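Both complexes below contain chain A, partnered by chain B and then by chain C.
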Partner chain A sequence: MTAVPRDPMLPVLFRIEKVRRDLSDTFTMELVPEAGGEFSFKPGQFNMLYVFGVGEIPISISGDPGDRSVLVHTTRAVGAVSSALDSLKAGDQIGVRGPYGTAWPIESAYGQDVVFVAGGVGLAPLRPAIYHAMNNRERYGKVMVLYGARTPEDILFKKELERWRGRFDMDVLVTVDRATGKWSGNVGVVTNLVARGGFDPLHTTAFVCGPEVMMRYGASALEKKGVARDTIWISMERNMKCGVGLCGHCQWGSHFVCKDGPVFRYDSVADLFQVREL
Partner chain B sequence: MVKPDDLGKIIDEHPFFQGIDDTLRALLVGCAANERYEAGQFLFREGQEAAKFYLVRAGTVAVEIDVPGKQPIVIETIGEGEVAGWSWIVEPYRSTFDARAIGLVRAISFDGKCLRKKMAADPALGYEVLRRFVPMMAHRLSSARLQMLDLYGPSAKPEKVKKAKVKAAGKTKGTNRSPAARLAKAAKKSKKDS
Partner chain C sequence: MPAAEGTAPLAVILDQAGLDGLLTAIRAKGWRTIGPRVADDAVIYDEIETVADLPMGVGDEQKGGYYRLKARGDQALFGYTSGAQGWKRVLYPPRQKLFSAKRTASGFTIDPMAQPDAPLALIGVRACEMAAINVQAKVFGDKDFADPGYQGRLKGALIVAVECTRAGDTCFCDSMGTGPEVGTGYDIKLVEMVGKAGVTYVATAATDKGAKLLKAAKGKPAAEADLAAAAKAVKAAAKQSRKMETATSAKLKDVPEHARWDQVAARCMTCGNCTMVCPTCFCTTVEDVTDLKGDHAERWRKWDSCFTVDFSYIHGGAIRTEVRSRYRQWITHKLSTWHDQFGQAGCVGCGRCITWCPVGIDITEEVAAIHDSTKGRK
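This part shows the complex of A and B:
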């Protein structure tokens, strides 16, 4: 099942099964449909999550696309709705509409090296694609995860990153902007990790997700390394209302981020990145 | 001791000087040495003469600023395939930061004075070295600027946004039935219809 009912504006009721605190301001929820059934989605897609009496926000799905029994979302509390979501606990209910939007074309990268470049909470929308790559490891060349966070305390999915790094068939590099405590890993922006390479640029598909400025510089670092624009993909964020291409709230140039995105091929939007106040 | 031929090979394999012309590489080899630093050892220190620069072959070097009474602040780390130190090429040839080995570091070092002399005598070598150093310096500068932006935002929990009353399953003011209950009813209906 999807959470899109007959009326696309009417949410489906989901129950919170589990809440895990990832960081001081970030949490992951596991949700199941009250009416039973499964939830399928493609990596990179998002849902509109409705906190009753407060409002609705777009949040990417961060779980394993191979596991349809549970819907997973990782959210950073930044404002009214996300903070209200943060105050909910297991057993509470929320409304869910989706899945919406375009997906990371992870299957079209078969036979290629894949590089995931993530910054901050941007690792969450990429995680389903990383799961897919791990579940289909033999279909890819190199698999690299390059991740940047503010400080070591802000590293999302730390245990999972460590587990991935422990695999012999995956390269995981993490860097922080500011080292604190006993951190003895990389310090510097995530684009530095891109510049180090380790992938075959002519046969690489790259997926980039994080703050807009980071994606701009991340994509340009990939280009400098020789990765073609048409094999770089980014995920955009804009304020949303309907989530289904009706209201125009999420307009970005000639695109509606909810319908034409959030995942865009870099060559189709690179020029928009240079337009101010869009 | 590493033989000059082997040094030349290592230099050629390092991304920084990859593909350099044979004659120019031979000139570089004359100023190069193979080095090894244990964890915690300094490659260079702030304020001292910037005698050398390093092609890092293995390990990680932390570039840091010493803060009196506090732990040093690490500005960036330099890893395998990268270069540590550029003050040897900029007057007055003094290091502007500390560089410390985080673990075991293997590197090829180049004597700054030796190389400057050869670069002055051979403009082709001078051009080739600068052609490789300038983009690296520009990259470091733009990375430092990006790092200053604090892209990922503050980590502290945002000031408790006026917690709107969340009534997950309870009644919402002004309605007879809670939104959750209305959705449950709609879901039941859609299940029945399908």
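This part shows the complex of A and C:
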């Protein structure tokens, strides 16, 4: 028996290096550990971010897993803690616990086509996996990013999407639910982009992240194209107070989304998707 | 001084003075003794010092939505069945400070909580309660993320179990396989024998520290016949009016759309009493507080209940808005998905959720209804 372990509920202090506004309600922070050192994580994992005196929320990591010098989080301000986070600026401190949860098994897709299907801010948890694919481009067949946003003004990481689209070794398709302004691109749900295909369904691994209903339809659109359930991966969102399986809030059937997820293989949870209010 | 192999564990007979001697010996070793006492017309587990603090001659009557103490007319100290609340109150307190934080010129600092004071001696732990402590030890002892508070308190604790010789009306430990004989984890086990000649305790040590303490209590050695009589008395408590259909209860996760959920939802008030009194329910939330100037902040962990709407809230709304979803979550987790998570049921058959439900919803009856409706189906 070793000594009593460190309390997993204790955050570590990080300093905000840079804040970038992505959208009217969405921002990206670059953080460095106050005590120095590196932060390593796997694509798809999340941290619990603590704002002094306000509270703590689970936020997925949106940076490049190949760069351990900085921790990157992209957050949409929708509640008390995320709004408080939004009010912080470079030089301020926050508490960080993590990284927690399962990862996108991006390395298991070597030799395959890889399709990223994202909705809204769901592009953020996928971005580390996309970075990994780009850093190891020669290991994959086709790399596709299919992205849906509510309006053209809600397109996250727009410049980056444009840059990716400019590459000759990557396919990027974007659609919006509702066109505004001068938008002349795709209009409609992201599943329409899946239906267009362009990947080899028998040799494709798909990573899907967005609102639950979008993931449900996204996964079934992929299935309809012939992608097997066991090569489709999704990332769940649930209320989390601890991130380490102790508070009980994130339960989804037998799963603690915080430690058995957030990334699940679709065939292992497809039945749960069918149950309302589970 | 471990007992030599093949020899029987140390067993002695104590009278109530001897039991008092045992409490004294325990306290002398530095344990804080927590045991049953009467407060607010209920048996609760709280600080005790001597046998005089124990609920002498107090029995209880428990049924669906009903709990009353009643005089037994004897000198029994453990004549009730189970206390209003289990031991999680002491091993995993309802409010625990996680840390405090102070604003500084450059940000803030975090001060972890100092670890708790005197180790606890739990006096009067019933078989179902011992089982519940073991269940929670698994929950809080995950290989990756353990709760050091629970682990520390349990590791330092001395456990004096008391085996029941009578079952309450809401008890169903026999069908859960958790009682009335106490399982593993205790240091000393007592069986209270109430006879014409007075009240005695057949005390058995299960650990070295238990044996040392029993020796200090100076009882007379227990004979074979004493042990047999005690075992027989405990057997009587296995006669229980309720039983859990465990084969069906383990499969509740397979019937999320069963009509019974609507039926029970019509009665359930979502008060959360069942989750508060359940000795294994472990869910918590966190609360952040600051002083008026905002320079000092604290983070507290508080018991929470899956019966609240807020429990499942994510931006945009709660996941489980309907009563049926929340009741289904509680009972399905407790009896079914707990097996997947921790390799056993989360229910120990103590019956508190039945006793303390204001409308007397009975967990065994709900499972039986589903059992009857699915009988013969594969």
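The definition used in the following text is that the second predicted complex is superposed on the first by the 273 of 278 C-alpha atoms of A that agree within 3 Å, B and C clash if a C-alpha of one lies under 4 Å from a C-alpha of the other, contacts with A are read in each partner's own complex, and residues count from 1 in each chain.
FYI, a residue touches a chain if its C-beta (ideal position, glycine included) is under 8 Å from a C-beta of that chain, and two chains touch if they have at least 3 such contacts.
Since we're looking at a predicted model, the values are computed, not measured.
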| item | value |
| --- | --- |
| Touching partner for A:241 - first (chain B), second (chain C), both, neither | second |
| Touched partner set for A:79, first chain B, second chain C, both or neither | both |
| Greater chain A contact set [chain C / chain B] | B |
| First (chain B), second (chain C), both or neither touched by A:93 | both |
| Contacts of A:17 with chain B and chain C, given as first, second, both or neither | neither |
| Touching partner for A:64 - first (chain B), second (chain C), both, neither | neither |
| Touching partner for A:213 - first (chain B), second (chain C), both, neither | first |
| Chain B versus chain C as contact partner of A:8, first or second or both or neither | second |
| Chain B versus chain C as contact partner of A:256, first or second or both or neither | second |
| Touched partner set for A:171, first chain B, second chain C, both or neither | neither |
| Contact residues of chain A, present in both the chain B and the chain C interface | 5-6, 10-11, 13, 34, 52-54, 78-79, 92-93, 95 |
| List of chain C residues in touch with chain A within their complex | 98-99, 101, 103, 106-110, 112-113, 115, 139-140, 142, 144-149, 151-152, 155, 253, 256-257, 282-286, 288-290, 294, 297, 299, 301, 304, 306, 311-316, 319-322, 324-325, 329, 333, 337, 340-341 |
| Residue ranges of chain B in contact with chain A within the complex | 15, 60, 62, 73-77, 79-82, 102-103, 139, 142-143, 146-147, 149-158, 160-169, 172, 178-180, 183-184, 186-188, 190-191, 193 |
| Contacting residues of chain A [partner chain B, same complex] | 5-6, 10-13, 23-25, 33-35, 51-54, 77-80, 83-84, 87-88, 92-95, 119-121, 148-151, 153-154, 175, 177-179, 183-189, 191-192, 195-197, 210-211, 213-214, 217 |
| Touch list for chain A against partner chain C, complex | 4-11, 13, 15, 34, 50, 52-56, 78-79, 92-93, 95, 237-239, 241-242, 244-249, 251, 253-254, 256, 259, 275-278 |
